[in-house]
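Going in written order, the chains are labelled A, B, C, D, E, F, G, H, I, J, K and L, and every chain counts its residues from 1.
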Amino acid sequence: MKIQIINGPNLNMLGKREPGIYGDQSFESYLKTLRSQYQDIEFGYAQSNIEGELVTLIQDSGDKSDGIILNGGGYTHTSVAIADAISAISKPVVEVHISNLLSREEYRHKSITGRVCRGTVMGFGLDGYRLATEALINIVKRG
Amino acid sequence: MKIQIINGPNLNMLGKREPGIYGDQSFESYLKTLRSQYQDIEFGYAQSNIEGELVTLIQDSGDKSDGIILNGGGYTHTSVAIADAISAISKPVVEVHISNLLSREEYRHKSITGRVCRGTVMGFGLDGYRLATEALINIVKRG
Amino acid sequence: MKIQIINGPNLNMLGKREPGIYGDQSFESYLKTLRSQYQDIEFGYAQSNIEGELVTLIQDSGDKSDGIILNGGGYTHTSVAIADAISAISKPVVEVHISNLLSREEYRHKSITGRVCRGTVMGFGLDGYRLATEALINIVKRG
Amino acid sequence: MKIQIINGPNLNMLGKREPGIYGDQSFESYLKTLRSQYQDIEFGYAQSNIEGELVTLIQDSGDKSDGIILNGGGYTHTSVAIADAISAISKPVVEVHISNLLSREEYRHKSITGRVCRGTVMGFGLDGYRLATEALINIVKRG
Amino acid sequence: MKIQIINGPNLNMLGKREPGIYGDQSFESYLKTLRSQYQDIEFGYAQSNIEGELVTLIQDSGDKSDGIILNGGGYTHTSVAIADAISAISKPVVEVHISNLLSREEYRHKSITGRVCRGTVMGFGLDGYRLATEALINIVKRG
Amino acid sequence: MKIQIINGPNLNMLGKREPGIYGDQSFESYLKTLRSQYQDIEFGYAQSNIEGELVTLIQDSGDKSDGIILNGGGYTHTSVAIADAISAISKPVVEVHISNLLSREEYRHKSITGRVCRGTVMGFGLDGYRLATEALINIVKRG
Amino acid sequence: MKIQIINGPNLNMLGKREPGIYGDQSFESYLKTLRSQYQDIEFGYAQSNIEGELVTLIQDSGDKSDGIILNGGGYTHTSVAIADAISAISKPVVEVHISNLLSREEYRHKSITGRVCRGTVMGFGLDGYRLATEALINIVKRG
Amino acid sequence: MKIQIINGPNLNMLGKREPGIYGDQSFESYLKTLRSQYQDIEFGYAQSNIEGELVTLIQDSGDKSDGIILNGGGYTHTSVAIADAISAISKPVVEVHISNLLSREEYRHKSITGRVCRGTVMGFGLDGYRLATEALINIVKRG
Amino acid sequence: MKIQIINGPNLNMLGKREPGIYGDQSFESYLKTLRSQYQDIEFGYAQSNIEGELVTLIQDSGDKSDGIILNGGGYTHTSVAIADAISAISKPVVEVHISNLLSREEYRHKSITGRVCRGTVMGFGLDGYRLATEALINIVKRG
Amino acid sequence: MKIQIINGPNLNMLGKREPGIYGDQSFESYLKTLRSQYQDIEFGYAQSNIEGELVTLIQDSGDKSDGIILNGGGYTHTSVAIADAISAISKPVVEVHISNLLSREEYRHKSITGRVCRGTVMGFGLDGYRLATEALINIVKRG
Amino acid sequence: MKIQIINGPNLNMLGKREPGIYGDQSFESYLKTLRSQYQDIEFGYAQSNIEGELVTLIQDSGDKSDGIILNGGGYTHTSVAIADAISAISKPVVEVHISNLLSREEYRHKSITGRVCRGTVMGFGLDGYRLATEALINIVKRG
Amino acid sequence: MKIQIINGPNLNMLGKREPGIYGDQSFESYLKTLRSQYQDIEFGYAQSNIEGELVTLIQDSGDKSDGIILNGGGYTHTSVAIADAISAISKPVVEVHISNLLSREEYRHKSITGRVCRGTVMGFGLDGYRLATEALINIVKRG
């Protein structure tokens, strides 16, 4: 089973960026732990600050993975283009957010991309990626 | 470790109610599976159609459990009283929704209660309760 | 044929409450007349001030009656929980309001519950319950 | 007793127009049944696609009938002119809609004309005209 | 000098309609007084309940009069078509309203047609037509 | 008969300020013409840039004049205090605006003060003060 | 003189709940002080987390007390049902809030129930109940 | 092949009306050119300033033509009645606007009728009618 | 102890202004009674119709009194300047309104100044000033 | 004559993406047909998923082509940057959309980029590109 | 060269007022430094808490200075009167704010007065006045 | 001292693009002047039309410069991603806009990025970059 993790803008700053909100671990470091926990899953990983590259990454993952874990970062709230890319592929996409967006600024409460994902996991820090993995395993198992 | 599951209005109809959206399994049946999967966790379970009883259930669970899994059903979108009850206790609360609310009616996109929960899991059917359990275990472990 | 009438909050005050708007007859007194007019219909009747009890009453009536006449009172405008209960059962529900809500305060113009009912009768005083009865008879007859 | 039925735009298409929503019976055919059911009531009938002609029809019916059954069609949601005509006469007007407007597009949820009518009957198909007739008989009887 | 007075929907009911708001004099009766006051002005007069006829009346008056006094009635608040007709002609149009719309329902506060008129006179009863006449005389005089 | 004219902020700049919108005549110069046209009317005149002084001027005019012509300038759109002063006195107040506010910026379309005035005259340049005088004469005459 | 105090959801948590906002004294403890201060007033007291029970408590107090002090808690902002109950009785109701709602979240700024109360006292901690008592004594004295 | 062109309010003024926006050619003159370009297409043409007549024209064209080109003029933005007429017939309707509505006033940005048309051509002056003809030919050809 | 009472626009009209809403007693007359009730409190009193003078009065009272009772009148709903003045001083400010603003026009429901006051007393007529005095005594006592 | 076609995000998925909405033909395949239809026009073609690359493509086409056909995809509804690029060049831009955006989600009804284009063609499938070509030819011909 | 600095409400409290936001230096003290830095510029200075006095100050400065630095304080967000005064004079006005309004309350994000100023400098503390001086020197130099 | 200037979309068109708004000088030409004025400051400069590249540029400048001058162009009004990048670094960012956005289209009035910058300079043409430089020097000096 292959899962593609796609991280959006500023998630390359994890560990350095506002640790009170996002924690002090880099994503690369977390990814090692995740891979060691799920050794029979092949995790692809890509990060981009560019909305259109996220579009392309999602389009490309449609054929190459069994499911996508997407943290669209700041594009979550506005990107019709990313939402359209999700609709354009048939593989399940699970949205993850590290912080609880509902307890932050009003403009972070709305998710354009979440509407076309299977579901959302948010507020659990980096552990959300593990939960999303669990969710995807279950979705794929159920067929 | 004790986890209190609290289900809100119409969740007593699971399995009978709009199976296209909510599936065809009753919650009681699902709960058996969940308990068998997590044998060292003591799951309390309560359901009520009454907003104020959910308030009381949350208040009471504050002392008696290590964390709460809450599916507030239709009160999710409007209940300041339930949100205030969550704020009034110190134990972590995880919000679960069976369907992906973001792909349904506009008025289901807003969660008043989610703002004061630790996080949200939604869109994964009954499996969301397992994911919330995983989330709570991790939260308690991290301290 | 069985019709369940379910009245929401403050409708137990009929005859005593703001007679300029709601008239001076109690519902119990009116119900007698209604029953005498439709002797081959079995009218169930329940009133509650509690939103969640109305949810339960609707759920329970799904199996025990051929149709429901619902006056949700003040919950009409806000209750996703009651609307979800109506969607959860297969029997037809007709919404009744004693006064013409459209000529009252702006917040009474919106009906959350009416969206999932078969139809609405409003503005005709207690006579609305008779009209709703007529509507239900016709719905059941048409199959 | 005289009742004037006034139908607005596109109701001349009944039976031919979107039968999934409006049914497959023409209004003329339905009207025959209605007249045969209420033989001591004289039903006037007029239909126009033109907003201003509906205004005139309402003004004229003020003197010539004991009450009006109005289905304003698409003008229901926007016509201050029709609402003003209803306010300008003293005879009771009952608003009828064939479909349940609340379960259709958002812009059909608002009724400008309904604010100045006695009441509304909606969602019961053509049977709504019979229910409106019953309502008017009762209004006239009560004085 | 020729002034065309154009009255919109329900203004044919003046004297009969809601006298608390609109007074008890018919427009025809008022017009006699007005004509006698301004004997060297030729007043044309037309009333229609139909929005599109008002459009045509305005178009036609563009060539035949030196200015128009328009009371668009209920179309004032919504009619882009009438506003476009006013923009399409070069003669000055003065908007008149008998009642003070700002002290009535919120939806009467907005004037679509007033944006393209020279000015507005409202709240002075039928005397507003005399004031509008005075305004037009002055506009024409100034060139 | 005594009429008090009260001009609000920036109307002391008339003739100097944006002549394309407000014309090139000072108010003092116009007032001379107006007084000569209505020799049996005693016109009081006051201008202030200060909202609260306009409140006081209105309060004081309540006893000392038969009616007020008010051009509230920029306070028209926001001043609850001036509107309350108008409500606090019993004499009629007529609102005047030199330009047609409806064809200018959106925030000039709303008049807080106009709601409690008898009526409004706007868009006719300084001639609006003459028309307001005519309106007040008629109001006083009618009693 | 009899005053009925009715407290809504989560006010049973006073002293335990968010002491930074609500203080550290339980309501029962405070009530003792209040009763000792006003020995000739009979204070009834009831608390419920359930909206519909608050409706019933208000209905019942209409006959049994001279006035009601109501802290509707989280239902203040949404409950048409409680507001309707207040309108349904003739005794004066005074709304109390412990914290200053205007300096908290936007959704706490709106009070549906306050519209039909005599007045509001908010922001003074538990002392607000004493002030409301003073207010009610004065209202009853004035007749 | 038959195409019915239906023009709404003020389009009878083309060539005379605001030439900076709408050009200086009358529609009749343009129609001649269009007919000469498409000699095997039979173009019907009708114009009305009256919303309800446009409704009737659309209803009638449903049977008599292979497709409709509609320029609803000022009714485009508000007319539910015209939109309902389009839904009531099965023939394709193409919406045309002479000017680019998106670069004009905000209230011209919204098209109620465009929602139920096949598509829209706007901003190309009278040439839009030729483009709409091309579009309709293609639609009919594709079946 | 010194308390400064600051009244805003039109409160100099108390007793004369809309007695149905504001009562028929002047503030000066009421103040005598208040002073006689609280003989060990020194009440300062100032009224101004001018927003900026209220700003200055609040700034000046910051040093000279132990607390302020403020009735901002019509500026309550819009004045950022007064709110900033309240924030700029350290002494407690209590907002008072004579009428229940929540049962009046929508634009009176919002209080800009109330957000930075300690609390609000409204709806109890002039007695609100006594209640505010009681509130301030308690605030000062608690420290 | 040179026409530059610029396609935005996800249009590289044409033929594979949601064929119910977008059809089953790839753009490259369609482009061949288009080129063969207009052999004397040189069509440039570029597609990008990246908003900023679309900005650059538009800037570059300003000098190198006689007009642009732009389908901005999901950026149509939000991109001020693309709109500014269109304003920054002097060549005409025609907006094309394959589906009728007005009959899809609300957020697709608004076009930021369409405001600064010459016009829009939408709802005609890939044929819209041919119609836009026709429109551009006419624009260039007219000068 | 003469520059007039005009400060609005509460800026007389600088140094004393909320030092966390506004710093701990009085404006008078800062002004000394500024004057010593720009010895060939004559700085006029005026402060008022009264909106209308700010209007007058701006009007008067139109003739007496080469440019104005305006900090409208709380009136920035609401004052049409001040904005109109700025439009009424021909000299350039630069808006200054000490704090970054965009990172404070929502109602401080909107500037009515800034629309008619040349530009805005905000968020740099008192240094903003120096920057505004630099801006004005450049504007005057460019002519 | 090092200052990084980052320009967003379409600013590479300066001098060529809408000179009435943006002037006729290219940024490169202006930058030379700026560098010659501040010879002891090292100015980095980068421009990109791509939102995500601006995110990366800001992230990278966090370590390599003492402060950033950012003109986000059209992304200013919508980009949460850029705002998050600014929050993710600790160096001060000053927002610059060449034109006065408040006097242009409504959608340019809102700045998402400005909320997390230190301050804003806008409306002074290219001179704004010099003013921002001055502001940054002062911020760095103050520590």
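The criterion applied here is as follows: a contact is a pair of C-beta atoms (placed from the backbone, for glycine too) under 8 Å apart; a residue touches a chain by one contact, two chains touch by 3 or more.
Because the structure is a prediction, the values reported are computed rather than measured.
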Co-neighbours of subunit J and subunit H - touch as defined: none
Neighbouring chains shared between subunit A and subunit D, ordered by label: none
Subunit G against subunit B, contact positions shared by both copies (same if over half, else different): different
Duplicate of the H-J contact set - from A-B, F-K or B-G, the pair where over half of the pairs recur: A-B
Centre distance in Å when subunit E and subunit F are each reduced to the mean of their C-alpha atoms: 23
Distance from the mean Cα position of subunit E to that of subunit A, given in whole angstrom: 62
Computed distance of Cα centres, subunit H from subunit B, in Å: 54
Euclidean distance of C-alpha centroids - subunit H vs subunit L, Å: 47
Subunit D, residues touching no fewer than two other chains: 50-53, 78
All chain pairs that touch each other: A-B, A-J, A-L, B-C, B-G, C-D, C-G, D-E, D-H, E-F, E-H, F-I, F-K, G-I, H-J, I-K, J-L, K-L
Subunit A residues within the subunit J interface of the complex: 50-53, 55-56, 59, 78-85, 87-88, 112
Subunit J partner contacts - residues on subunit L that touch it in the complex: 8-10, 12-13, 16-18, 48-53, 73-75, 77-78, 107-108
Subunit G-touching residues of subunit I, taken from the complex the two chains share: 100, 102-103, 109-111, 114-124, 127-128, 130-131, 134-135, 138-139
